[in-house]
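Going by the order they are written in, the chains are A, B, C and D; count residues from 1 in each one.
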Amino acid sequence: MDARRDIPLVITFLVGVIAVMDYYTTFSAVKETFTVIKNWGVVLNAFALGLGAVNLFRVHGRRISERKRSDWPFSAWLLLMLVIFVLVGLGTGQFDASDQYQWIYNALYLPIGATMYASLCFYMSYGAYKILRARNLDSFLLFVTAIFVVLGNTPLFPALFPPFFHIREWIFKAVVGGAYRGIRIGVGIGAVVLGIRTLIGMETGYLGRR
Amino acid sequence: MPVSSDPLIWIAAFYTIAATSYAFRDNILFKFSENTYIGAAAGHAIVMGIKNIRDYGWAHIMKGEMIYWVVFVLGVMLYFRFHRQYYWLYRYPIAFLVGNGVGISIRAAIHSDFIKQIIETAKPLTGATAFDTFNNIIIFIGVITALSHFIFTYEGMHKGTLGWMPKVGRWMILLALGASFGNTIMTRFGQYQGRILFLLRDWLGIVA
Amino acid sequence: MAILTEGRLVPLVAFILAWIATYLAIQLGKQGKIRIRRIPGLDAIEEVVGRAVEMGRPVFDIIGMGSFTSIYATQTVAGLSILSYVATLCARLGAKLYAPQADVGVMPVAIELVRDAYRSEGKLEELDVDEQLPYLSGTQFAWAGGIIGMAARMKPAGNIMIGPFWAESMMFAESFNRAGSMQVGGTARMYQIPFFAAVCDYVLIGEEIFAAGAYVSGDPLQIGSIASQDWYKLVALILGIIGALLATANVPVIQNLLSM
Amino acid sequence: MSAWEKLTALPREIVLGLVLIAMILPTLKPLGLPLMVGTMAKDWYDTVDALPSGSVVLFDIGFGSGGYPSLGPATIAALHQMFEKDLKIILMATALEGSMMYPLIMNKVKPEENYGAVYGEDYVFLGYIAGGQTAMAGVLGDLHAIVSTEYTGKPIDQIPLLKGVEGAEDISLVAYITTSGDTSEGWVYQAYSAYGKDVVGGMLSMMTTSMKPYYDSGQLKGLLDGVKGAADMEFLTRHPGDAIKSSDVLSFSQTLVLIFIIVGNISYWGVKTSEKEGR
């Protein structure tokens, strides 16, 4: 047995099977074991939250020390932000519940997080102007429902002509209700089969490099 | 309402504009806000991680449950990922996380995504009104044909008498995707409107 | 005391059968007993490469930002299979391939696959890995920005995007369209499919990317798991049809049976 | 350049400038258009409305800054209804930034001022719990075995509300609002499938279609469709807020997008047909 490969595979299998048995059976020993596994899962996931930061320190630390790229001050700023958040979070002893921490979050993090993805609306608009074309049957079909859904979603149009709203409701009920159920069955089965492959050790990508 | 005098609002307004600017053109302000964001996000993750380790791990050890030392060892092993020689040690905790994550989701997926959906499909096609019946038939055709479109290893599904099914399925899927696309447009505008409100109300005080 | 949780008999049976089916299908796949349908999306990919040769402009193949350790790993694997196929076509027909990378774990595999493809076509000397498979960035917007820049400079004839994609797909699609590229997109991330369907010349919807990847790679593991999923979809299809017809005739036997 | 091509020749800055104007104008001068409430949001409202007062609700804040502009208002409106109904609310966060959303939301809901609610007796916040579905299964399985303190670090055996809550059997309804597909599916798996609980979910509009099959099969009792669902909830609960304000913005900006699509397609087909004729 190879401690580098086989033992992790055994761990995956055992933990996975206990999770499954917890769901299907009523054995109290399984239930109790799984309660512990769940608690450990939360703690381990919490430990994993620091991995990204370690990676950032490696990458940006190197950039700062080499100073080869002209944008190394950005790397320094990035790490400074990281350290500030950690210091303010841990310094007060109250973590995310302190006023100071909420201040830096609301000033430095929230505005960017809330804007970054929202600003994709500009790409969307420019895309609508430049590239959203009914160029073939596929995109034509897509546009038919898309336009009716937008008409129904936009309060102006139902206010002028209420059926726009009902058409949108109907599209969601009948068209989305049908096709997406088919898609959902496919996605669900795909996830189950992938999960089984993982548990029986036929999918080992998560182990990283060989 | 006058323009805000709160430095927090001013900083937030600066970052809101900087993060938006990328849509117009790549620029140094965006890069500055992007790096702020990545650093802050990683810092926040550490803070939340340590808080959770204290509340969900250390708390148990304080209660005398010594077995929780194991999970601390496993947690430290995660960080061997960056070690040249002993990197493989990180596979132990990852294996635990993957086993737990996979087990906990697929055990119920077969119920929620497969059996419940078949039960929903295996319902009478006739409805209370003619319109309901019509809808039921549309939904039924949608489910069946969309499913058939995603069958890849059974040749009979795509040729001969059954060949119409996956074709209709693709059309049904594209129609449904259109609805999703329409909603995606709403998502983005709905999101950005929140920032406009922030800028005009909280920062500039133009609207109430 | 009952051993089984109440109301879970049918899910359990389905679950155990899924276990058996997965194993069995993969064994059948290894014995080469399963044939997988060639999906039309592959023709579109060939057309992209052909167009590039005609125009004398490069082809882009973007596999996305996915890593081998995330839950989107299978999509990355499908993207890599397609990349290998595209590289073979490019080497054979003489189109220049660019495949910018975003994940340090995936990158060496991608390089190896492309190298193999060029080698098997006897064109290894035409490949410059550093130029054609550059590492851009692991950060979403920086990675998107890098590709947008490349597209604007090189005016590629085609762009193939298959793998896991997030919001950056919108930026790619727009920039390549501006550069005059023919685009083929495909992802199993449900929220990005509509966008690909709207802007690409051809879209591979959801699981089609796995089927395409399995078809071109011939990997028995991938083919086998597609087969086992097909069996389940067939069961769902048949039970759905029979159940609905019976229920319409006032015999809701399938519903009652499955609710056990 | 032909006349057809000129239609789509506006420079990027002008196009985006138009979009900005379409969002700023209605913010300055709202139209106050009537609202038509969708059935999915109505179902959420009715499900909560049907609960007897004193029922325990588990409420997950499953979003962070990225979802705040549209899901924040939805959460605020949903909580207004729950406090008004005098329900006992256990809040938790499966999103890393969820605990940062909590004070922002509560500053708007003001349960003490508006409803005389008492923290610890009528509602409690458990804070962020790592692990996604593991955390959900943990809280529903045996709350006291997993959670030891609430958000500010107070031990949970000092929280009166949690004394009578062991796990899923003491919870009447699970509600979540999230930007994450995994969280959304996760609650269906862990609360509906594993414990048969009633679940209501809110999410970004772009996720609604994917989650719709759960709503259709009764696994979700109600569904809030992003900013539209939020506006519906604000309307139903009679607490108009940012989502209703945004309706006017949607009217302007989405109309502009529709115009863009139409102009773009006219130009595209115009070029195509004139090319054909030219040949």
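Details
By definition in this document, contacts are C-beta pairs under 8 Å (C-beta built on N, C-alpha and C of every residue); 3 or more make two chains touch, one makes a residue touch a chain.
Note that the structure is a prediction, hence the values are computed from the model and not measured.
Averaging Cα atoms per chain gives one point for each, and the point farthest from that of chain C is the centre of D. With centres taken as mean Cα positions, chain C sits 19 Å from chain B. Chain C and chain D have Cα centroids lying 31 Å from one another. Chain B and chain D, compared by their mean Cα positions, are separated by 13 Å. For chain B, the set of residues touching two or more other chains reads 22-24, 34, 38, 44-45, 48-49, 51-52, 56, 60, 94, 100-101, 104-112, 114, 117-121, 140, 143-144, 147, 149-150, 170, 173-174, 176-181, 183-186, 189, 191-192, 194-195. For chain D, residues touching at least two other chains, in rising order: 12, 16, 66, 68-69, 96-97, 99-100, 127-130, 132, 134, 137, 146, 153, 194, 205-206, 208-210, 213-214, 216-217, 228, 250, 253-254, 257. With touch defined as above, residues shared between interfaces to two or more other chains in chain C number as follows: 8, 11, 15, 18, 69, 141, 190-191, 194, 197-198, 206-207, 232-233, 236. Taken together, the touching pairs cover every possible pairing of the chains.
Interface of chain D with chain A (complex): residues 8, 10, 12, 15-16, 19, 31, 33-36, 38-40, 64-66, 68-69, 96-97, 99-100, 103-104, 127-132, 134-135, 137-138, 141-142, 145-146, 151-153, 194, 205, 208-210, 212-214, 216-217, 228, 247-248, 250-258, 260-261, 263-265, 268. Those residues of chain C whose C-beta lies close enough to touch chain B in the complex are 8, 10-11, 14-15, 18, 34-37, 39, 69, 139, 141-142, 145, 148, 190-191, 193-195, 197-198, 205-208, 211, 214, 223, 226-227, 230, 232-234, 236-237, 239-248, 250, 252, 254-255, 258-259. By the touch criterion stated above, chain A contacts chain D in their complex at residues 23, 34-35, 38-39, 41-46, 49, 94, 96-97, 102, 105-106, 109-114, 116-118, 121-122, 124-126, 128-135, 143, 147, 150-151, 153-159, 162, 165, 169, 172, 176-177, 180-181, 183-184. In the complex of the two chains, the chain D residues touching chain B come out as 12-13, 16, 23-24, 27-28, 66-70, 72, 96-97, 99-100, 127-130, 132-134, 137, 146-149, 153, 185-186, 188-190, 192-194, 204-206, 208-210, 213-214, 216-219, 225-228, 242, 245-246, 249-250, 253-254, 257.
Taken together, the chain A residues at the contact with chain B in this complex read 3-5, 7-9, 11-20, 22-24, 36-56, 58, 71, 74-75, 77-86, 89-90, 95-96, 101, 103-124, 128, 137-138, 141-150, 153, 170-189, 191-192, 195-196, 198-199, 206-209.
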